[in-house]
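Please read the structure below before turning to the comments.
Labels for the chains are A, B, C and D, by order of writing; each one numbers its residues from 1.
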């Protein structure tokens, strides 16, 4: 990104656009979905996902399972849509059965136009099962659009836009795509595109129609965030061409498993209730009662230069959050855990110093051994044939 | 901007915000106006300026004097406002008398809620007189808000938010602020803030209320474009602290005068009809009939690596545009003019090769001589006292 | 360093030079010593230190205590000086008593003109005691110049050019000064300057006389490594103005102590024989017999992206080296140690996984507790007065 | 170059070295010559070229035709060689006949061991004819090595190491290779390598033997200037792979011709006496008597931010120098000339303002027309066959 700005109406720019879009489709797991890039943020992507497909006053179903899903519902309400917000415990994944029931019960003349789902809730470290949610929608025989916030999951865990028949997926530049903030990115399927063509809300900046029209030739209807797009090209080369998406996903799983092993060894709880739904990109850790998680974040930053996430919303004093998204390796995870242990010790939050780091090391060693074993069996298998 | 991303919830980030906002106020020419920065573009800034102060269906008065003023009106229409768009010749400045007349004639029960003005129309190279437009509004005794697009004028020519009693001013990062695209910047006065507090349209991303609330402590309600803000800090230091705004304005005037002298020496017309309204940041040049200005742009780029602006809208084939905004000096302007002359020659658009460059040199020399003279008279004056 | 090259004959460049030199003197611990910067490497700095003060054929005394001290002696021999090289065990510090004895025994008509000392031997992780060596030279009543290689110690541990009466100190840019390689840096005292003025060997590039002459006005007699000098300015600001040299030294001590605690917990040996002489910037670890340290380096790099130092010279297969110099913090050290433990485990070099990391954590915690305690006693003391 | 430093003993580094060396050979115009890269400057390259092939006291023949050729002779003298320096007028190319005569007259028992030639004398803007000098050496039947300083010619004008049977060529990073200063680069032929193997002077840092030995595997015997090598790789890709050396040479010829046309139009003299020997990378312009060229340099820098070269040595007040080396295009040259004209006008050095710029434009237009014509004739020719 550290380069001269180029004219966004030049042939060189069109080439850049045409390199980026197919790789973004690969990241979203789609063949035919349309990818749209805005000079905005994830919050802007929320708005883009809504105003293109919803009419003013449309009803939507949403699930309050954390700070960001609550924010998504707020955005919809602020923009003039009628939001039915199902309260969940923060730490809970969206229960597909609940989705199915709510949609079965939806018998009004103006049925839900969309279901809003946050794939990975970064405030709680919980990953919901979009495939199961899609099945629930189907089982209810409901026609609602499935709109999925993948801000903190895209490019870190598998996202299967086509297979899950997502209607609109949305993300930002600053998580799995490893860039500074500044881009909102959407993926829209044919049902969504159609809804936008014939309806939607009054809109201008977030209208995807002129963007899709001009993108066909590699251009944008208004000034794009040129430098960010150069960065995006490089990030996509690293993810798709160099490391490979499968390897990126495996790496996130390996690192997240190590972090979870550490939290368990500390005798602390992850906020995520069901280990099967643990986020691969963030772990929210609950501090013991009588302690304030904000002190953990402050001490780690001031004393060790480590940036942990604060608790969000009503979890402000109860959790600190360990991010493990993007460009990250074993060394950085282990150093982070070791520093957290020292921080907890210095704040008199008693955990066995070294226990979590060691548990994480053992988790890494086991997964590496497994890798070796499985490739050995493959070798044996191929030797046998 | 080439640095690590910092946590936008850290104290270091709050410090950054608090360094930027006062200097942005200085650039807008305001003491009390509230500055709001969005991770968006100039098009996003249009939207922010509208949705915060207008109710759905509100009537606005706009002037079609070029591609960007037409776009601003389109944005307002797309967002559901009723736009009365006064057609002007592209090349004409907004006539204050016309503003006054239209407002005097505005006798409907739902009067215009706002007047939309593009300060510097980059498609035509025309600078409208906002002070006179303000007087026209006052003379008509009309209550409409004055919303001014300063995208291509801010930080290059004087902008007097307080003196002109502008209600909302708006700009982007990529012109006078010398940054890559990626920020939309607003300045809102007390009447606008009040309108937003009690009304406005359904909005979320562009709602300035949570931003103003969180900015007070140096933070943002959602992820800001961190790297851009670092760049903005540096740009503001260069403009406000190092070169000084007065000197920046004087430089733009000197360089623009040189370009205009060249166009005249070529015997070509600037699109701007009234020389007194010439833009200080861009000159649009009309090519002779039987020639296509697109060829000029292509040849200059392909043969000489020079990036000229294409004609926009219906001016596509008739004008090419010479930008002279931002970080620019005499050498670059003179090299640009000399290359344009070679380009015109090679495309058989006959102008005297060298004539424009020389006229520009003489313009620069005269303005320098004037400078010397005026400082000498000051010296004499002070010697006399 | 990521900026345009400026003219090295411009006033701006002179300003840069004049900012750098006083801070370099502070780093060397000198008031009056002359600092000279070459566009070269540490190897070039060796040569500069020799050719300016020695006549062809001059005798020098050197100590072979590692790969770099051996290289320094080789350089002297290659340049035509007569080197008496005292063999030491690699892992041993230079024994001051040996220095004194050798100088007492030096009764030839052409006595040693210089004693060559490597302050911190990076191949073995041993820090020699320059103050004691200076006393030994004095005790022997010998007139030899004291030439000290501080390549891997300068700006990381205290260097007291004036107090130790060093005659020539030398360093490079790529260790404690945290820059890429590309500069050779000397500090010369009055005896050395005098020797250079009246004698020395045939020389041109490394002749410090024209450099000292032109530096007085902020310039260089030939093209300097401009970008490196910009980087050097920033590095010196960070070390001298922001963190402060005392804090930098304390940090290196704290981090090095943690690494040493880990090596001990592993049950492995540091190559350094006397713990009191341990290097604060690098620890060389001996692998158990039957293992090849090269495998450790390869595995850590290929599997975990960790860059360890290989064994140098005859230690090639026996040691790997953990660098802890420059910009480094607790998190990075702990992550490094944890990864080394996994590497050792995977190579069947049995150490208790987690034991070293934990020992390092406890070392860090203890030093932090000490800090708190000592500042508390200070508080008590000042409360009492 | 703006990237992390990598370990110079890693496989990734070896790959870098092996990409660079063959392209450097292409730039030198050699198949078999050995290229050696030092972390030093052009002055260091002089030294390297001398100490590897000359014995102490060896006689060399050199020609004083400018500041840099005088400096090269000084370097040789300082290093202990016996220099016969033929005085020439500064502005004169080395006359091949003089070379031949001097070598024919060389009848001492210790004949000249080398002839030192500066290919492009940057202080005077004169390019000597190395091919003719080689013929002169041959015609004299003399055995001296031909050592050629190509610091300001390499990669800008053709250099034919093999065809001209140069024995040692030398350059730096900061001219035609478009990098910051910091590398000294040599190309050595078989006679030179042989001389170095069996003789040469006492040397260490500049000894090319260990470098050639370690380079074979992609490494260096001591720390190289890693960042510079990354920059060098990119520069070589631009020159050799992207633009192509022939096109680079043609561009330098076109730009230099334009500058010369301007100087002629100004009625000023180039210092270079014989237009056929004009440098393609720099033009030294003589100011009229009664004027001081230093004022031109100062005014251009202070008033217009233009960096001209000062007069060097005894030409200090008489010439200013216009560099046209490296990454440069028509726009930059024309802007430079136009600013020089304004500078001269403001200093009352009377030239017709605009005349030089126009002459340069016409020169560019003519060379472009020629290009078109020659490619048309080629088209005609191929159409005819």
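By our rule, a residue touches a chain if its C-beta (ideal position, glycine included) is under 8 Å from a C-beta of that chain, and two chains touch if they have at least 3 such contacts.
A quick note: this is a predicted structure, and the numbers were derived from the prediction, not measured.
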item: Each chain counted as touching subunit C and subunit D at once; value: none
item: Far-end chain from subunit D, centres as C-alpha averages; value: A
item: Chain centre separation in whole Å, for subunit B relative to subunit A (CA means); value: 37
item: Distance between the centres, which are taken as Cα means, of subunit C and subunit B, whole angstrom; value: 55
item: Geometric centre distance via CA averages, subunit C-subunit A, whole Å; value: 46
item: Two or more partner chains touched - positions in subunit C; value: 2
item: Touch-based graph of the chains, sorted into line, ring, star, complete or other; value: ring
item: Pairs of chains, among all present, that meet the touch criterion; value: A-B, A-C, B-D, C-D
item: In the complex with subunit B, residue positions of subunit D that touch it; value: 2, 303-306, 329-336, 338-339, 341-342, 345-346, 353-355, 357-358, 360-362, 364-365, 368
item: Residues of subunit C that touch subunit D when the two form their complex; value: 1-2, 5, 7-10, 38-44, 46-47, 56, 71, 74-75, 78-80, 172, 174, 180-182, 202-207, 222-228, 301, 307, 310
